[in-house]
Structure formats: C-alpha cells, structure tokens
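Structure first, then comments.
Chain nomenclature is as follows: A, B, C and D, assigned in order of appearance, with residue numbering initiated at 1 for each chain independently.
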Amino acid sequence: MDTPTGRRLPFADLLGIEITNAEDGHARGHIDLSEKHSSNPNAMIAHGGVAYSLADTVGGAAAISVAEGVTPTVDMRIDYLAPATDGRIEAVAEVRRLGGSVAVVDIEVTDGDGEHVATARGTYKTGGNRSGTPWTEGRN
Amino acid sequence: MDTPTGRRLPFADLLGIEITNAEDGHARGHIDLSEKHSSNPNAMIAHGGVAYSLADTVGGAAAISVAEGVTPTVDMRIDYLAPATDGRIEAVAEVRRLGGSVAVVDIEVTDGDGEHVATARGTYKTGGNRSGTPWTEGRN
Amino acid sequence: MDTPTGRRLPFADLLGIEITNAEDGHARGHIDLSEKHSSNPNAMIAHGGVAYSLADTVGGAAAISVAEGVTPTVDMRIDYLAPATDGRIEAVAEVRRLGGSVAVVDIEVTDGDGEHVATARGTYKTGGNRSGTPWTEGRN
Amino acid sequence: MDTPTGRRLPFADLLGIEITNAEDGHARGHIDLSEKHSSNPNAMIAHGGVAYSLADTVGGAAAISVAEGVTPTVDMRIDYLAPATDGRIEAVAEVRRLGGSVAVVDIEVTDGDGEHVATARGTYKTGGNRSGTPWTEGRN
C-alpha cells in the first residue's frame, strides 16, 4: 500500500491490503485472499485478523480523510457475519461522527459475492479542534 | 504455530504468532515484533491488526481448551492502551463465562516491559460437535 | 409497555419505553423524554442509560420477532453521537445476522429532529425453546 | 444520588443508583433491586439497562475522579454474565488508561453473593491536556 508520499506500509503489504479511495469521510479497500490468510491448514477460511486488519486500515483512512493529523485507533468492535473463504474481501468505511477528540467510523466487509463477512465500528483519536459541535457543547 | 496434530496454521505463521499454553480456560501466546508488523514506513509501531490477531488467536485457544469443537469468534472489542514499538508482545487470555452457546474471553496484551498494549474481550461460539459446525459448513 | 399477552414490563414502564412495531427482524420504539431521564440537575440532558435501555429493548424486540423463545442480551456496544436533550428519542432495530445460537442486531437512536443520538450493536442469544432457557433457569 | 454540591441527579435517583466512593481513578456504587427494575412481569429479573446504567454512572465517576471537566461517555460495551434477580448489585470501576482526550474504564458488576452479573468497558471523553503520554506521542 502506498502512502500519499509513495512510501510503503509494511504490515499492509504483508497482508495485501490495498486502499483504493479515501475522501470526505469515506474510504474503500480490499484484500485478495490467498492461502497465507487462512486460519486453517486444510481449508481456506480467512483468520479473523484478516477482516479486522482490513477494517481497521480502511476505517483509519476514512478518519484521516476528514480529521487533522494522525488518527490512531482507540477501540474497535468487530462482529463476524460469515466466513471469508476465497476471492476478494472488500471494506467500505464511513465516518459516522467527527468530534474534536474522537471520530466514530463504521466499516462493512463483504466478499466477492456481496455477502457480508463482518461489520465493525471503531473509535479513532482525532487531532483537530472543532468548536461548537453538539458533542463539545456538553454531553454527559 | 503447530496445531495439536502438528499441522501449521498459515496466518498465525505469517504474523509469527506462537501459542505457548492453553488449558483449563487459560491461554498464553506471543509475537516477536519485527519491521513487517509496522504500520509506519519510518518507525516501528505495530499495526493495530497485530495485537488484535494475537488476542483473537490466544482467546480462541483459551475457549477451545474448555469448549467442545471449533469455537469461531462471534465478536470482539479491542481497546488500545499504548503503542507496541518493539520486542515481544504477549497475550494472556481467560474464559470469563462458558455457556452452552457462547463463551466470553478476556485477553490482555502487554509488551516486554509489562506495559499494557491492549485489552480485548471476545465472544466465541461454543457447543458444536467437531464435525459439521455452522462455521465449517458455511456459518449461520 | 404491553407484552403480547397484555402484561406490563416494569422497567420499560419506569422509563416510558414504548415498542410500536416488531416483525420480520425489524422493530421500532421510543421514549418521550422528561426531567426524570436527565443526568444533570440543571439541564435536560438524557443519561446514557436512557438511550441504552431503549436500544436494548427495541433490539430484543427485533430478535424475538424472528427467533424462538426468550432472547437475552449477550453483549452490546453503544456509541453516543450527540446528546439527547428533549422531545422524543426513537430507536429502529434490524437483525443483521440470525444464527442458531446468536443474533446480531443493529439499533439506531435518533431524536425528534432526526439527529443521530446513538448507534448500538448487540448480540442476543437465540434458539432455546421458550421454557427452560438458560436465562430463566439461571443463565449459563 | 448527591453531587459534590449536594444536588440530585434525576435519572440516578429514578433507578436508585448510589455512588459510595470515587477517587484516584476508582469508584464504587450500587442499586438495591426492586420490582421496578424487572424486565419481566412474572419474575424479578433486572432489565439489562439496570446493570448498564449503574456501570456507566460508576465508570463516569471513576473517570471524573482523575480527569478534568465533564467526562461524557463516548462508547461502552457490556457483556452479561448472569441474570441479576434480587438484592443489591454493586459496580466497581477502574480507570485503565487516561489520555489527553479519552479514558478507558473497566467496570465489574456483581450481585450480593459476589457472583458476576456483567462486565463493561467504556471510553469516556476527557478534557485535560496531558502532554507526553505514550498515547499522545504517536500511535497509529
């Protein structure tokens, strides 16, 4: 995977993560599954960490597209809906909330048949200081 | 990583995950970090998917140690506490609840200095007999 | 809140939860906010437990509409998107996955202006017959 | 429930939440269960929102004890371990991570027999600006 400056990201490369789009709070990416992604020596069933790593990376790309600075993951929940067995898995991410200190991002992971593989929701730290959002105005 | 029958697990091997213990609802494992785990081309900061994949694998090993059959992950939440920068990260998992259909497992990930890197909590499906689980048949 | 047999549910009544629809894996309900829901003695800002309790109840109604028997909540994650300050908050739930042992349900909570207040995702146990579930016997 | 200035908090009063201690990142509180907390017209089984509301409130008290300003809940995950049927449920909260923008808090809910009822983990927004934590130094 290339950064905007053309540098490669080692772990994304190890897994074959490709980000194809990231703007305005939305991002998209995929992994072409192969035997190395399997959790099983006998059959191709992708390890849960494959869909997670794709979701986390694409979710972060969506957050970066609208927030200032680096946006590390604070927490993420992933729910597995069906096993990923072969072909391409694709993730689509959308920023649901963008606050002064955190962003909430939803990520859907599907397989080549459009079947849902996993659904994830992450909180990312943001660096921008946005005054006057409903959030910063006071909630407890 | 070897299975009980000596077969290797491809994704665990790709990441260098080693499980060193799994019995009575507890499990332990680690990854020796190297450049391939980095999310960053300039500095060694492990991608969030590294700690997650370790946590998911060690948590599953704890579940398998007390539940019958395959125990696919239903959902997992991970909270990142500090960046993992080098050396070994270790995960310790403990089954918190074991029911007829699901198990709840807590996993703590620390670095070589004993510093907390992440804390995760997963729900794993339990109870199927080894053949013909929904997971292997096409999860439902 | 009335059950199908016309009996009232005490905690739902205490909070003013009304379920208006539940069929085919979808459900809808609301709470009309008043001072008792506030977390704050000086201003009406609903306590986080209000949106949560609504989400959990409506999510359970969606699960019950397609699963047999009682469907206790296994786990739930809620993300708060904006404060709920007055008027009606409404929840819409949709079953995302229905398996033999668990269902995954998404719930969106909005306020009277259609603004998102919270988004939640729960795992509910499914599959038991109505009598003798682990929940009623002493959950396992 | 009294605030430090002696004012009452409506929703905490409605549910009977009492906070008995909050300092140095730890807090403790309880609810004495009665019929109003039940999700069931026939038997006393506390609604999931009862343990959640207690956990959220005690977790927030732990966060406030070490963070500056108001600490609204960003997100929370709760896992139910056993039904709460009567007597007192108690929550103990501990801040696991305190960063410049968010705090992670663990909360354990037990019943009068010391049995685990639920375990929760929340992210709370914090207002303090703490420079030089591992978190703010860069993680992605």
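Assorted remarks:
Here is the rule we use: contacts are C-beta pairs under 8 Å (C-beta built on N, C-alpha and C of every residue); 3 or more make two chains touch, one makes a residue touch a chain.
What you are looking at is a predicted structure, and each value in this text was computed from that prediction instead of being measured.
The pair with more inter-chain C-beta contacts, choosing from A-D and C-D, is C-D. Distance from chain C peaks, on a Cα-centroid basis, for B. Between chain A and chain D the centroid-to-centroid distance comes to 29 Å (mean Cα coordinates, whole Å). Once the centre of each chain is set as its mean CA position, chain B and chain C turn out to be 31 Å apart.
With centres defined as mean CA coordinates, chain D is found 19 Å away from chain C.
Shared interface positions of chain B, i.e. residues touching 2 or more other chains, are given as 39-40, 74-75, 77, 79-80, 83, 104, 123, 139. Taken together, the chain B residues at the contact with chain A in this complex read 3, 7-12, 14-15, 35-42, 46-50, 52-53, 56-57, 72-80, 83, 135-136, 138-139.
The part of chain D that touches chain A in the complex is made up of residues 60, 70-72, 74-75, 77, 99, 101-102, 104, 123, 125, 135, 138-140.
Taken together, the chain D residues at the contact with chain B in this complex read 77, 79, 81-82, 96-97, 104, 106, 116, 119, 121, 123, 134-135, 137-140.
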